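Consider the two complexes below, in which chain A is the common component and chain B and chain C are the respective partners.
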Partner chain A sequence: MDMPAPNPAILSRKAQIVARLRSVLPADAVIDDPVETRAYECDALTAYRCPPLAAVLPASTEEVSAVLRVCHEEGVPVVPRGAGTSLAGGAMPTEDAIILGVARMNEVLETDYENRFIRVQTGRTNMSVSGAVEEEDFFYAPDPSSQLACAIAGNIAMNSGGAHCLKYGVTTNNLLGVKMVMMDGEVVEIGGAHLDAAGLDLLGLICGSEGQLGVVTEATLRILRKPEGARPVLMGFDSNEVAGHCVSDIIKAGILPVAIEFMDRPCIRATEAFAGAGYPDCEALLIVEVEGSEEEIEAQLERIIAIARTHNPVELRESGSAEESAKIWLGRKSAFGAMGQINDYMCLDGTIPVSQLPLVLRRIGEMSKDFGLDVGNVFHAGDGNMHPLILFDANKPGDLEKCEAFGAEILKLCVEVGGCLTGEHGVGIEKRDLMVTQYEPGDLEIQMAVKDVFDPKWLLNPAKVFPLAASDARRIAAE
Partner chain B sequence: MKPNNETELAEMVAAAKGPLQIIGGGTRDIGAPVDGDRLSAAGLSGVSLYEPGALTLVAGAGTPLEEIETVLAGENQRLAFEPMDHRVLLGTDGTPTIGGVVAANVSGPRRIQVGACRDSALGVRFVDGTGQILKNGGRVMKNVTGYDLVKLMAGSWGTLGVLSEVSLKVQAIPEAEATLVGRGLSARDAIAALSAALGSPFDVSGAAFLTDGGEAYVRVEGLADSVNYRIKRMQAEMCAGWEVLEGEKSAEMWRNIRDVSPLSGSHDAIWRLSVKPTDAPEILQELGDPKAVCDWGGGLIWLAMSEGGDGGAARVRAVVARLGGHATLVRGSDALRRNVDVFQPEAAPLAAISKGLRARFDPRGILNPGLMG
Partner chain C sequence: MDMPAPNPAILSRKAQIVARLRSVLPADAVIDDPVETRAYECDALTAYRCPPLAAVLPASTEEVSAVLRVCHEEGVPVVPRGAGTSLAGGAMPTEDAIILGVARMNEVLETDYENRFIRVQTGRTNMSVSGAVEEEDFFYAPDPSSQLACAIAGNIAMNSGGAHCLKYGVTTNNLLGVKMVMMDGEVVEIGGAHLDAAGLDLLGLICGSEGQLGVVTEATLRILRKPEGARPVLMGFDSNEVAGHCVSDIIKAGILPVAIEFMDRPCIRATEAFAGAGYPDCEALLIVEVEGSEEEIEAQLERIIAIARTHNPVELRESGSAEESAKIWLGRKSAFGAMGQINDYMCLDGTIPVSQLPLVLRRIGEMSKDFGLDVGNVFHAGDGNMHPLILFDANKPGDLEKCEAFGAEILKLCVEVGGCLTGEHGVGIEKRDLMVTQYEPGDLEIQMAVKDVFDPKWLLNPAKVFPLAASDARRIAAE
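Up next, the complex of A and B:
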């Protein structure tokens, strides 16, 4: 992975820069010891690492503002970091950059059940936002699978999704307002407890901008009352194509499940060996979950099962208890872990039109043979967000490169059939250079022009999102 | 000017010598009046892709909304966000287009459950102020590839680009709907009941209050048995004694709320406020209890103020400034709309960002200049 060469002028001024940061932050909030900064050298895309110049852990919006003002004056790049769970390298530093971690900012600032929102500092984890409103039976809907660890800051940066966004939407659909610090230290507020912020939709623009437009320190999030209950049904089919048709028919029938998850045979076998959830050994498996009262769940499942039967399922397993529901979800939830037991893996995130599912799965199978690397598919079928997991051996020379080449081919295929490179993980460094397959130069130029407005010196989260060749001129001009 | 395709549109924008007034069907005459040559997107019409099984539709920006609704209804589907028809309130003629809906981010009562128009918008194609054809997003439901300019374009009122094509997520029409109606309620009691309903597990898809008659409405949709169940539960909990409207009677009621029909016909200035729902009673009181339609559980207030003087601008904006939210003058004479800020004035740093974005998307400042302020 190419990264721009660090600016030697910044490296040589490290002591001064760190001293200035120390002058605006408490002593323990500035980390510059080369051993300690190693903790920030990568995120969950561990194949790529680079220790930062230093890391800072501000505890308030004012401290974030002070840090950014210093970095702006010094011309030092800043890499904002939530919990470091990005699978796309969204929080990977460069050697001349300061990591700005928001982990110390994790307070709940306001909870309002009547108006159905919560205001939090963005270092708070996704799960603990729901946790904060659980006693009143409310929850925060977006549920990325890293929700135990991932921070709201990163969720906003990447516009994170999750298994249940078929019904509840992704982060951008649940974000009401932000307090954000601009690269020059200015603090702005957009939106709030009301719906639809005034003026141009800057809130929508910031969500998913991968920390390149500002550092969001506070967020107002929509919270929802929990449904009375939820229950999954598991169904197995003897071909991916049939399973794909079943998904389509369920959606067309007007029943809106909260989740439709899909696993293919390699993934089913791996999870079965790992978790023993009792999944049938079949070509394709669907888990469909519905919500409501007992009667409502019954009625919805009855219709879903009737649709499934028209596709001759090899297995139909309706959950009869909380225990059985947990067992149905067990395999799906351990899928990534199970694949990890077999080998190192790379998790992709392309989205395709649901109708293209059978074709794309077939082509992935063919490519798997061509590249000589196994791949398992587990994904959110209702919205076409695929997660092919390519297995490789990190210790085998050339395997990572082969895996990346395979991954790139799959993503190109996703774009070719009318989809996109990434549905919920973000571009980061991982898919940066593939952006040209989805966008024409003009389409990228207008996005970069947006960054020019927010961050004219191109200091925030450098070398992400845009192909280096496309953003070179701007970075050089800014230096 | 009325281009017949995207290429013609791009050529016309590139060749423009002065300001352009961008319109779709011309039914939403909102914003500061624009002096410029009229450029209509109505010629960019037609549904180019519709996949009912993927809940996706792609159409030219000039496609009549009615055509889209008819195509969707053929597969028992609809636009989830229930866009308002502004002709009723504004007294305009013409044919609403899907591009106009997206450009103005027009959403109706179901916004509280399924999000706004911008939340259903999956992709856009547009022509920027230099005549360049650009695209963002696509036609899949989850897409975080690059910056989300789809959201930015939705609600930018043609000031950043002229939409040529939009891609939307659609929704299945549920089997049944029903509405609970409470009467003779104070604003405070009504909003409290709406909040309780919206905070219940019963998946409310509409929650409104009309000051006339103190009437409050709560809608649920879904499978028939489920609708009945939820109606009964709410009658037992937060809507005791409320009457039930079903089927077409319920649908008609919500069309009236969606189109703000109770405020049509007068010559008053009409304001649209987006606020924290529980602030609604205080806002109404402070503004002298004007005739109002409160949607979104109280979070969206439509109210009529006398057209004289500043049309109530100072008073409306003062209360919004104190309690939070924003206000738009949706209906007013040309003179009034030239004299007061139609859209909520932005704080200085945000105004600078908006100005910077406009300068990048429309460097010559020819696309609906001044419409948003």
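Up next, the complex of A and C:
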């Protein structure tokens, strides 16, 4: 993965820059020892690494503002980092950049059940946001697979989703307001606990902007009442196509389960070997979960099972207890780990219209043969958010490059059938050069001109999101 | 209401500009006869009028593009217009502007039940979008009071809501993609039938942008399955405060009705005299509607009624039939008409955190005495979207100005308690000078810089949204 050449003037001024950062932060909040900064060389896209100039761990909006003011004056790029769980390299540093981690900012600032929101510092993990309102039977809906570890900062940056987003929407549907520090250190508040925005709705723009527009330090999040109960049903089918049609039919019937998860044979096999969830040996599995009162659950499952039967399932297993429900979910939740036991893998993330599932799965199977790399599919089928896992051997020369080429073809296919390059992982460094398959040059130009407004010097999260040549040209022009 | 002085150079070139528009549109699509353009002198904020230079009624995206190209070259401002139902003057012309009406663009382009969307031209009315999918038992959720007349174009421009948006969200939560013509005539597509956006999410920015960024000609909208049934319950209370607390308690309990509508005594009285819906003579009424299967409806109503009882209602009327449901809604739906029988009124639109309802209603009552103008409150209480109706006499000198001053005080109060100047009507000309109460100068500067990106000459929908002095300065600087 190409990265821009570091600015030698910044590298040569490292000591001075670090000294300035130390003057505005507590001593232990500035990390410049190359041994210690190793932890910040990559995020969860571990195939690519780069040491940063230094890392800082501010503990408040004021400290973030002070850091950005220094970096702005010194012309130093800044890479905002939540928990570092990005699968797209969204928090990968450049050699001349400061990593700005929000991990120390994890306080709950306000909970308000009457107005149904919680306000938190963005270093707080996704799971512990729900944890903070659990006592009152509320929860925060978006639930990325990494929810134990990932931070709200990253959720906002990537507009993260999760298995239950079919019903509750993704981050942008659950974010009410933010406090954000601009690159020049100015602190702005956008949105709030109220409905709507006067004038241009910048909140929608900031959600999913991958740290390109500012550093979000506080977030006001919608909380929801927990449903009375939930129950999954497991379905096995003879082919991916048939399973895909079953998903389409459920959606078309106007039923809205909280989750429709899909696994294909390679994933089912790997998962069974790893977790022993008792899945049937078939071509494709669906886990469909519904929630509500007991009556609502019964009524929804009845309709879903009737639809499934029209597709001649080889297995149809309703959960009869909490233990059975947990077992049905066990395999799905172990799938990534199970695939990782087999080999290195790259987890892709693209979205497609639900009706294209059968076609896209068939084409991925064909490509797998062409590239000679195995692929497993485990994903949120209800909203068409695919996560193909391509297996490769990181130690085999050329395998990573082949895997990248295969991944690019899959994502191009997503765009071709009317989908999007990214569902919830973001563009990061991984997909920046594929942006031209999604957008016309004019569309990209508008996006970059909007970035100009917020970050005219192009210092925020460099070498991400936009094609490298384009963002490099922009950065150099601004110098 | 101050409007900028028209550009004399444009007025003097009217014949030439109209001739150029005629060269790119069918003969009957360009209206410049001052008698015929009278229909475009105002929108539903009828207190303010201004004749436009001319009006055009293109029938396709290509024709919109051709019109904008001409206007861009000629430096002529353009005021996009949906159905002209704006209550904030969002479609009010200036003397040197062309009205671009999308009324002829009302086709359904695609319906797709499998992927749950409909694609329409934006001149189509809100109600007829639902009409187009009714056969298959689907509907489009946002339901502004003006839904029989208002166009999707205006719904997108103002991010419109409606009575049922408590459950389903407002326009931005139901909009998947747009085709938009930029001021220079370029056509861009943003979003689509798929989940998420790669890079910056411009769709969220465009929704609610009040025609400041481009002319949206096509929209891809989420459609939902109709619920099995719905049923309202009518509750009467001794005071606005108690009714407000009841709303807060329902929300706090985590119940999500589809609608919680609120009427105060002046509205109840006017409505009873006008429509005879059989409402009790009390201080405040709530209409709470729930939906789902019969069992779901029963279960929700039971919890809601239990909460209501703790507030000692003077009336608690469950609907026992479709007729009784219609009668409960009859008064609410007649409220605006009923108030209009009493006097001229100005309908405000602000949002507040739900918990502030009692305080805000009390303060509005006090202000009503101070200003000597009656006010009725009828609004979407569940999501804190207030619609105070201030009564005044348009023929009485000074009354309009007093009404404007009163309205401004109410909206300032909304902002003060943590709310927003606008819920679903937009800023338009009505609230542009109040934007400084909501935003710091730096926040407004960012919004205006984003507008610069899309419309560098500031030709789109002039004199709206931003404080007049600020937008005027921007426009003059760009000349």
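Just so we're on the same page, the second predicted complex is superposed on the first by the 479 of 479 C-alpha atoms of A that agree within 3 Å, B and C clash if a C-alpha of one lies under 4 Å from a C-alpha of the other, contacts with A are read in each partner's own complex, and residues count from 1 in each chain.
As a convention for this text, a residue touches a chain if its C-beta (ideal position, glycine included) is under 8 Å from a C-beta of that chain, and two chains touch if they have at least 3 such contacts.
Since this is a predicted model, take the numbers as computed values, not measurements.
Taken together in the superposed arrangement on chain A, chain B and chain C clash.
Contact with neither chain B nor chain C is seen for A:L109 once the two complexes are overlaid on the shared chain.
By the touch criterion stated above, A:A306 is placed in contact with neither chain B nor chain C.
Once the two complexes are overlaid on the shared chain, A:C207 sits against chain B and chain C alike. Legend: residue contacts after superposition of the two complexes on their common chain; A:A273 is shown touching neither chain B nor chain C.
In the superposition on the C-alpha atoms of chain A, the part of chain A touched by chain B in one complex and by chain C in the other spans residues 112-116, 137-138, 159, 161, 169-170, 172-173, 186, 188-190, 192-205, 207-209, 225-226, 248, 251-256, 292-293, 295-296, 299, 351-355, 383-385, 418-424, 427, 431, 435, 438-440, 442-444, 446-447, 449-454, 465.
Residues 112-116, 137-138, 158-159, 161, 165, 169-170, 172-173, 182, 186, 188-190, 192-205, 207-209, 225-228, 247-249, 251-256, 292-293, 295-296, 299-300, 303, 351-355, 380, 383-385, 418-427, 431, 435, 438-440, 442-444, 446-447, 449-454, 465 of chain A are the ones touching chain B in the complex. In the complex of the two chains, the chain C residues touching chain A come out as 112-116, 137-138, 159, 161, 169-170, 172-173, 186, 188-190, 192-205, 207-210, 212-213, 224-226, 248, 251-256, 292-293, 295-296, 299, 351-355, 383-385, 418-424, 427, 431, 435, 438-440, 442-444, 446-447, 449-454, 465-466. Across the interface of their complex, chain A is touched by residues 51-56, 75-76, 105, 107, 111-112, 115-116, 118-119, 128, 132-136, 138-152, 154-156, 160, 171-175, 192, 195, 198-201, 203, 222-223, 225-226, 229, 274-278, 296, 299-300, 324-326, 343-344, 346-347, 349-350, 353-354, 356-357, 360-361, 372 of chain B.
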